[in-house]
Amino acid sequence: MTHLGYLLVGWGVSLGALGLYAVRVIQRGRQAAARVPANRRRWLASEDAS
Amino acid sequence: MTTPAISEAPVHTRSTTSRLLGVAVLVGLVALVVLGFFGAPEDDEQADAVRLIFVHVPSALLTYAAFSVTAVGSVMWLWKRSVWWDLVAHGSAELGVIFCGLTLFTGSVWGRPTWNTYWDWGDVRLVTTLILFLLMIGYLAVRSMGGDESAIATRSAIVALIAAVNLPIVNRSVEWWFDRTLHQKSSLTDGNLEDLTLFTLLLGVVVWSIFYVWAMIHRFRVGWLERELRVGDLDLAIEQRRAEAHAAGDGGDQ
Amino acid sequence: MPIIALDGVVALLGRFPALAGVDLAVGSGEIVLLQGPNGAGKSTLLRVCAGLQRIESGRALVLDHDVVTDRAAVRRSVGLLGHDTALYDDLSVEENLRFWARVSRVDAAALDGALDRLGVADRLRNVPVRHLSAGQRRRTALAAVVVRRPQLWLLDEPHAGLDQSGRDLIDGLIRSAAAAGATVLLASHELDRTIELASRHVTVAGGTITRDRTV
Amino acid sequence: MWRDIVLVAGKDLRIESRSRVTFSQVVPFAGLVLVLFGFALDANRPVLERATSGLFWITVMFVTTLAVQRSTSIETTDGARRALLLAGIEPVAVFVGKAAAIAVQLLAVELVLVGGIVVLYGADIESFALVAATCLVATVGIAGAGTLLGALVAGVRARETVLPILLLPVLAPVLIGATRAFDDALGSVAVDGWAWLGMLAGFGAVNLVLGALTYGVLLEET
């Protein structure tokens, strides 16, 4: 495969950046949710009622 | 402490919908990597460098989609003072900046083997996207300036509008500046792409879009939770403020 | 008709609740003294009445106009002397006052009279404001309020930085405004002076009104 | 309305003429930038001649951030913003008036800079009309966008750094367009400079309209 270095850098940085953002947003959500009273986490009441 | 559910209430921003989307993104990514690296044939001119467009083009499309959402959200905030739209605008701008950065980065990495340069000033889309990137960095800077919450929302909404109306002018001016462009003139519609290449590209766009929706759902909920926290803090602050009055009233007045 | 009608007003400075639920009704011709410790919320209260402060919750009417939805009408009919004097340093006293009179659509002919009344000497009128003393600066700012002929005077520490004659002048000004039918709301720490002047004493603390006594 | 615009613009210009910041500090600064570019490009005549238009407009951009900051601080230092609201003046009039004052100052600086590039860079002006028209049209747009963004960052932390971050990318089309038009006027590159004026006028119109629509909202957000 030609240009393998370029390919790995391009794909790696892309997937890495999106992955990091995903991890960060989930972490931020957990931290914030832990501090908000349960009765105000509104979407969960409707969807995760199971 | 009236709800018994505190211990049961999940401490995250996940829901059934977001979980399904998340799984779809992961499955899609595996398929994209397999097809991108091994399925799609190499290009006659670009050889294997063509495999970068499977991340470059989706990033570029999502950049503009995300900033369009920010622009709409900004208008809705200014018009209706809708907090919902303000949160959407903010989240979408964050994602937009990431996609935009990736667009520029993968574009450069692709440009080196293909055009033999990391950067070309004569390319309209490249330069326009860079200016957009700078404008949206400014947007996030305004977002982080602190102060009154609704003032921040208004200021950043106006920044988004300024960016939105000026971007076409930037595009025009760069186009006239160098009356040429290196970019593949709509390679999607030329019909000279192999079927599997085209399919992989579309798959990339789909995966990136689902990721955007997934991330927006989480980001919105984070924003909403953090807002709830501030509202809760405010109630507390008002109580404390009133308590101050009693302390002063009992002792201090003459 | 009450001149000021506040109902459960909560106002934020950034995220700090400067006003934490204020109820207040003020009638025509009253001179109301707002007293209370620093940071009690007096200045914010005055800004609410001027239609310059966003309200987080509650409702505020000034001269029957809502300070949020009809703030232009509120602003037109009030005169505010705040901590800052809203004067341009590089313009002279007269240039400043003429500018504010013109943009406020009030009669600039009244300027000389107002300056005389406030004891701003003729020789100072062409001097750039940056060369004025704090007291002269404040007198000039007050002259800008006087020419507006407001129905509601909102004065934040009007005696601050003034000499004895200046303080007497302010008192006279407030009395004559009230006699002419205007309403005055003044925040002050100069209690010995203002307690006689005011017809009503309101104590503000912790962003609420803790005491309200009509003399 | 016109009266208020003239009042606000006149007030700002009078303050400028008293404080002389433009002439005692901004003009020398602009001249200094021209000299520094000369050093940076190794006083190489052909390179300087080729780059003259761009250097001219880059210098104008730097000057713009200074002028906008000055113009904004006039209203924020002693609470004049609040007094403007109390006066009941139309926010549009404040916007247009302040933009006009900035435009006049920028045009004055540009006049000096034109002299500067003739003397220092040996620029040879072939079309005075095009130089004048470009300065006029570009400056209106720069002043409009600058006034709007100045109000946007007024009263917040770190405004000195945020303003250029926001303003300079927005002004990118002006830099491109005005530079091309100057290239034609100075005869350094064969392009049709007059065609670029349309783009500059479009930029000005769009930003003035946007400013007129949103300036009032910003004035309220103190």
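The first chain written gets the first letter, and so on, giving A, B, C and D; residue counts start at 1 in each chain.
Methods note: a residue touches a chain if its C-beta (ideal position, glycine included) is under 8 Å from a C-beta of that chain, and two chains touch if they have at least 3 such contacts.
These figures come from a predicted structure and were not determined experimentally.
Student: In terms of C-beta pairs in contact, which two chains are most connected?
Tutor: A-B
Student: Could you work out how far the Cα centre of chain A sits from that of chain B, in whole Å?
Tutor: 13
Student: Approximately how many whole Å separate the CA-defined centres of chain A and chain D?
Tutor: From the centre of chain A to the centre of chain D is 43 Å.
Student: How many angstrom lie between the CA centroids of chain B and chain D, rounded to a whole number?
Tutor: 32
Student: When the C-alpha atoms of chain A and chain C are each averaged to a single point, how far apart are the two points in Å?
Tutor: Each chain's C-alpha centroid was found; their separation is 52 Å.
Student: Can you list the residues of chain D that touch 2 or more other chains?
Tutor: 222
Student: Quick check on chain B: which residues sit in contact with 2+ other chains?
Tutor: Residues 146-148, 150 of chain B touch two or more partner chains.
Student: Provide the full list of chain pairs in touch.
Tutor: Those chain pairs satisfying the definition are A-B, B-C, B-D, C-D.
Student: Which chain B residues qualify as touching chain A in the complex?
Tutor: Its residues touching chain A are 2-3, 5-6, 8-17, 29, 33, 36-37, 42, 47-49, 51-52, 55-56, 59, 94-95, 98, 101-102, 105-106, 109-110, 112-113, 211, 214-215, 218-219, 221-222, 225-226, 228-229, 232.
Student: Name, in rising order, each residue of chain A that touches chain B in their complex.
Tutor: 1-4, 6-7, 9-11, 13-15, 17-18, 21-22, 25-26, 28-30, 32-41, 43-44, 47-48
Student: Along chain B, where are the residues that touch chain D in the complex?
Tutor: Result: residues 78, 131, 134-135, 137-138, 141-142, 145-148, 150-151, 154-155, 158-159, 161-163, 165-166, 169-170, 172-174, 176-177 of chain B touch chain D.
Student: Applying the document's contact rule, which stretches of chain C touch chain D when the two form their complex?
Tutor: 50, 52, 72, 75-76, 78, 80, 82-91, 95, 99-100, 102-105, 128, 144
Student: Can you check the complex and tell me which residues of chain D touch chain C?
Tutor: Checking each residue of chain D against chain C gives 3-4, 7-8, 11, 14-15, 18-19, 74, 77-80, 82-89, 222.
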